[in-house]
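One chain, subunit A, appears in both complexes that follow, with subunit B as partner in the first and subunit C in the second.
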Partner chain A sequence: MTTDREQVRSLDDPEIMVQTPGTIFDAIPPLTPRTEREAEFYDLSEGQMFVNLGPQHPSTHGVLRVVLKIDGEKIVDLDPVMGYLHRGVEKICENGDWHHAISNTDPLEYVASMFSEALPVLSAERLLELQVPRRAEYIRVLAWELNRVASHALFIGWLALDLGGITPILYGFAERDEIVEMLASLTGQRLLFNYLRIGGVNGDVSHDFLSRLGDWMSRAGVRVNDQAALMNENEIFVNRTKGLGVLDRETALHYGMSGPPLRATGVPYDVRRAHPYSVYPELEFDIPVRTDGDSYARYLLHIEEIKQSLRIIDQVLHQMPDGPVMAKLPRLLRVPPGRAFAALESPRGQYAAYAVSDGSDQPFRFRIHDPSFFNLQAVRSLTRGHLLADIMAIMASLDPVMGGIDK
Partner chain B sequence: MLNTIDDRLGERLVVPPELMGDTIELVVRPRDLSDVMRTLRDDGDLRFELMADLCGVDTGLTMQVVYHLWSPLCSDWVRVIADGLSREDPRVPSMVHLWPGAEWAEREAYDMFGIEFEGNRDLRRIYMPPDYLAFPLRKDFALADDASRSPGAGIRPMERPVAPADVRAAPAIRTSAGTGALIGPDGERLEVGAGNAVRPAALESGEGAP
Partner chain C sequence: MSAATTPAPPGVTTLGKIVLALLAVVVAGALAFLLLWVTGIGDALVAFAIDTGTANVEILRFVAAATGVLLFTVPAAFVIIYMELKIIAQMNLRVGPDRTGPWGALASLMAGLKVLSKEDYTPRGVDVPVFTLAPAVTFLASVMTLLVVPFAPGMAGYYMDLGLIYFFAASGLGVVGLMMAGWSSFNKYSLLGGIRAAAAVISYELPLILATFGVVLLAGTLNLGQIVEDQAGWAWNWYGFQQPLALIIFFIAATAEAGRTPFDYTEADSELVAGFATEYSGMRFGFFFFAEYVNVFILSALTVTLFLGGYHSGIDIDPILGFLGVNTPVEMGNIDLGSLGPWLLGLPLLVPPVLTLVLAAFLWAIKSSWGALKSIVVGFVLANLLLGAAITIWAFFSFEALLGIAVFFGKSFALVALFVLMRATYPRVRIDQMMNFAWKWLMPAALLNIFITAAAILFVREYLS
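Here is the complex of A and B:
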């Protein structure tokens, strides 16, 4: 499989010797295997072949390349290749101040960026031991839950699209478009909001936003039931999701999974309840849990979570107090030294940050934990033995967002 | 829970367990890490089954590997810090046999910090290209083109206080994509000075300056 290649001086850095690069006709990998696992994976047995999926394939939901090892139609093993979207966000955050980190973490989770931009905010507030005005907390919860509904609506459409059904994605996008326009009225941006601030939010709710929200809320409950009626008992959809990609409780926990994939296996782990933040302890909502652990259970959980989010939005609108939306903070924010782990429940699971501060205005270390990264990791054990066509359905049911995975 | 942890692991911790907000912090030496983690996961009274996070930290003096664990029995996180890894050769036992999900997180920590996780069968770079040699999140990896720290005479032509016509005459200096080193106009390596403000000899001597 592999040959010893000639060592030449790198064009990039003359003091570095590199192997001559492989040509496109070479069998993958072009370099000698670096690890035991890689050597094992790239060793083909009789009748097996490699199929390269991505990095531009639409069903990988971003720029993910998956090397599939198949035997006929059956998947023997797979090796995801990541890094196409790597921007070094953690390093950039360490080199900017705490406020810059908000807009730098924004594009991580580009489907629901209200969650990823909350990471520097929540971790800095923990280090500062800051009391955020209650109105700001309610506005945050409102923005988060709206964004969760938008993300879940898109997920449902995407899952159906990867199974060949085009109608649901049109409904999903219609729903999501209405929400992002609403959020644009609140924040000024449709997708990358840059709205949360350390100590509050950037601006109060406007009349335009509230009237759009009221209008949408009057229809949202019906719309989600329509969505469920369209898909829940569709024979093709059920046949291609039920019993596929089954996870058990132990595997999901030991793979560090969170969000709907973990709750579909019967673990009621939701950061909003497990480690409450913001005003979630004051709100009434359930954590839907299923025990089947398959793609269909994950899909049903998304529908139920939309309903719970609508319930939260309804309570927030009734309970939101008056008052300021920003705490008083110095312009040059020096965060006291210490370590803080802040987590929140994003549509994909537990989004978390481990921040180390050295007392300056910049984070010393800002680690971002992305739930899609850990959920995607399980795809190898989920798809083994399944058919090639089902890998799309299984991956879509885990709902990975590559912006967060690649950081 | 704090007392239970102290009871089971007390003698293997560097400092007594401390409750910081909603996180119990444990500091261990790398050689005790496997034992401590196995106890935390498998002990019936602890049951920290979910690895909520694994990351590397470069403190500038030593390397650390930081684990965050969640248990259905406990309302707090547990943070385990494997402290005191040497910066020259950071090594720590892999946790893949306890949490298979640690595999990619360990690959990421290896990619970013160069920490060797002994026992991880797939320890290769995950984000950076395979022929990349530097470890970008280490504190000694300076961003050579970082405008926010540049004292004005940075290596980027746009940040130099000279007219555009002179910029074109100035020799091309670039940052290696693989190692982060500065490469001069003739393909030679340049030394990185304090503050990343490298002025090539040609500019210092006045050639091309107004």
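Here is the complex of A and C:
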């Protein structure tokens, strides 16, 4: 345990900046360490220094703060600090009724919120043992897959931007903007859709949406292909991502990771196939898997997944039946008592909720499993010993969304 | 006179106030001039100025050249910033600036004014003198290198026999400014940026200088003006064709030296926030910003000078003129009109209408909202401006200078465009990969190039001549 650190005053003390500006270089944290791990981490050796990466750093994807202990450019250790976006979503959900939970879980996954808002919907439907109209299921799958393409297109751009390439992010946004405009015509919102309902969806597909979708499908993925053409065989990009942040299968499973980071290690786990929900069993698509487990494999996996999503959208458009889009439900929804676990495959992995109902119109407990949180755990073991620039490539390839991590 | 001295009556307009003030200044000036002339002090002052000037003409010339170069870099940087905004916008599926000026051409000027008018903040804890001096060092170091680059025949700031050495010495000073900024900023990101600049620029300066040795061996001089003169004639006389490896090494090292993508390690925005410039604001940041673009232009200009023929167009005009029946060399000042023949004499007459129509057609093609008449009127104005500028240069310098400037800037800005395209295309190289590349690939290749060039020169001298 370090004793001399106790003499360093808090950085919140206004005088410390005036009198001893030099202390700022070794005063993280100003408080006495709480655990052994903290004591070990915040003990600097010769030639090392701390760098606060975030929460307002341009490339931490939101408000993640990473305290880096660096030796020159080399990362000796790091300590992710979370909670800057904490709202207590689980508790908010438990204080409102089941319908309110939909809009409350919306901003968790703010890049692809069609997935996080499905959590209360799916879990309540399990508890109610409700048969959702088939047209509604198809519309849900359509919206999910569109949102997945939008999210993956942005992932590719982000990865490039964190590596210093400025063009792919704008291609990604061009693709995403078109999809988001489509979804706006379907749901009325561009970012937080609030579209799924317990027992169906809020409104049928419109003519405007279908004509936009048909137009888009005829040239879907053009921008993604442009991104791939800029990056796939770019010597600099490949050199910077290949063999970087290699995860093996056991570590990934040990951390409870899911989604593309897990599938890049060779585990073909996709909730859509492993624990089928909605109408996914009726649709034909593959689960792309890679075995390298590095950043480059994760990147390539995203491009392959976009192609599979386009396949699904094509089938959905051809197979969508007629009929109602909303099941008949009482206005005051009292969910029968019980426990339900609902999971779905979001662009970042398995998004799941464990809901307990006590028979009232509010969930008694609503626990959310966010894939970004579990994927982000690997950052420390992946980046130790690498250079400062590598943490961007590794973190971008794990694709965390801070809304879900901080909840 | 009485109108100027009487106080302005109440109710005078704003314009009236300005006119009256100007009138007062003119009258006072005239009185002072009369007084000086009558007493003879004025003549003595003028004579003294002329004497001092003629005695120190070299110093005066140097100061004038340095000032000219300094003033020149400002519009050059504006043009490059505008090019960057527009070209990258096209690659990024954006429109780019289109509000200020025609096609947003004044956007970079407005950005400059904005930077100028912003608060110049000095954070607490910085090393104030070093922090204040750092942008000036960086900016002046990059500007002063331009002094030895010949823009056209007879148009260089300073013909120095050690021109190339001076160039590298001055441009090497720029990294001192970056290190000063990184060290004095009291910010860890700045510190990392400054250290990266020091490490990488020193690594890349070696291949940059070694790549030029082949050219120096071939030319036998370090005087940039002489090196350009050696590349006169057809394009295959350019050293780029005799030293292709050196050209490639030089261009890559120049990219790293200017801190441009894929080697923008010093201000890597996704890693180091803004690197050495993190704590700077206002015009001090503007100087760093300017220095980067001036560096891009200067390294392009040096690449053109050393490898791509400088101000020579790559077309040997003498045989063509001889074929047309004109005796060479042509003295454009006192040309014998009789020797031109009717066709060649008619050619200059065609220039204004053809230029007007070409510009009008171009404008009409790219501006869908413009009618034919508007295009022709704007084209006529543009053609007049261009011709006016050209004739001014012709009158004050020479026809060769006019041609040389056009060719030189055409080539330089083509290379700048290549820099810009690279920025829009590539991600950033990691610092260790960058160092590996410099020391394991560029350095041996540059040494090999020197060895081969020297051996070839010896071989030619010994056995072929």
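Details
Throughout what follows, the second predicted complex is superposed on the first by the 377 of 407 C-alpha atoms of A that agree within 3 Å, B and C clash if a C-alpha of one lies under 4 Å from a C-alpha of the other, contacts with A are read in each partner's own complex, and residues count from 1 in each chain.
Simple rule for what comes next: contacts are C-beta pairs under 8 Å (C-beta built on N, C-alpha and C of every residue); 3 or more make two chains touch, one makes a residue touch a chain.
None of these values were measured; they are calculated from a predicted model.
In the superposition on chain A, contact of A:36 is made with subunit B only, not with subunit C. With both structures placed on the common chain, the touch criterion links A:88 to subunit B but leaves subunit C unconnected. Contacts of A:170 after superposition: subunit C is touched, whereas subunit B is not reached. In the superposition on chain A, contact of A:234 is made with subunit C only, not with subunit B. Of the two partners, subunit B and subunit C, it is B that touches more residues of subunit A.
Note: residues 18 of subunit A belong to the subunit B contact set and to the subunit C contact set alike, using the contact criterion stated above.
Of all residues in subunit A, only 10, 12-16, 18-19, 29, 31, 34-38, 82-83, 86, 88, 90-91, 94-96, 126, 251, 253-258, 267, 269, 274-275, 338-341, 343, 350, 352, 354, 356, 365, 367, 369, 373-374, 377-378, 381, 406-407 touch subunit B in the complex they form. Residues of subunit B touching subunit A in their complex: 20-23, 25, 49-53, 55, 57-58, 66, 68, 70, 72, 75, 77, 79, 98-105, 112, 121-131, 133, 136-137, 141, 143, 146, 148-149, 176-179, 181, 183, 187-189.
Chain contact summary for the complex, subunit C toward subunit A: residues 88, 91-94, 124-125, 186, 188-189, 192, 195-196, 261-262, 264, 268-273, 423-433.
Subunit A contributes residues 17-18, 21, 24-25, 49, 51, 57-59, 72-73, 160-167, 170-171, 174, 230-231, 234, 236-237, 239-240, 387-390, 392 to its touches with subunit C in the complex.
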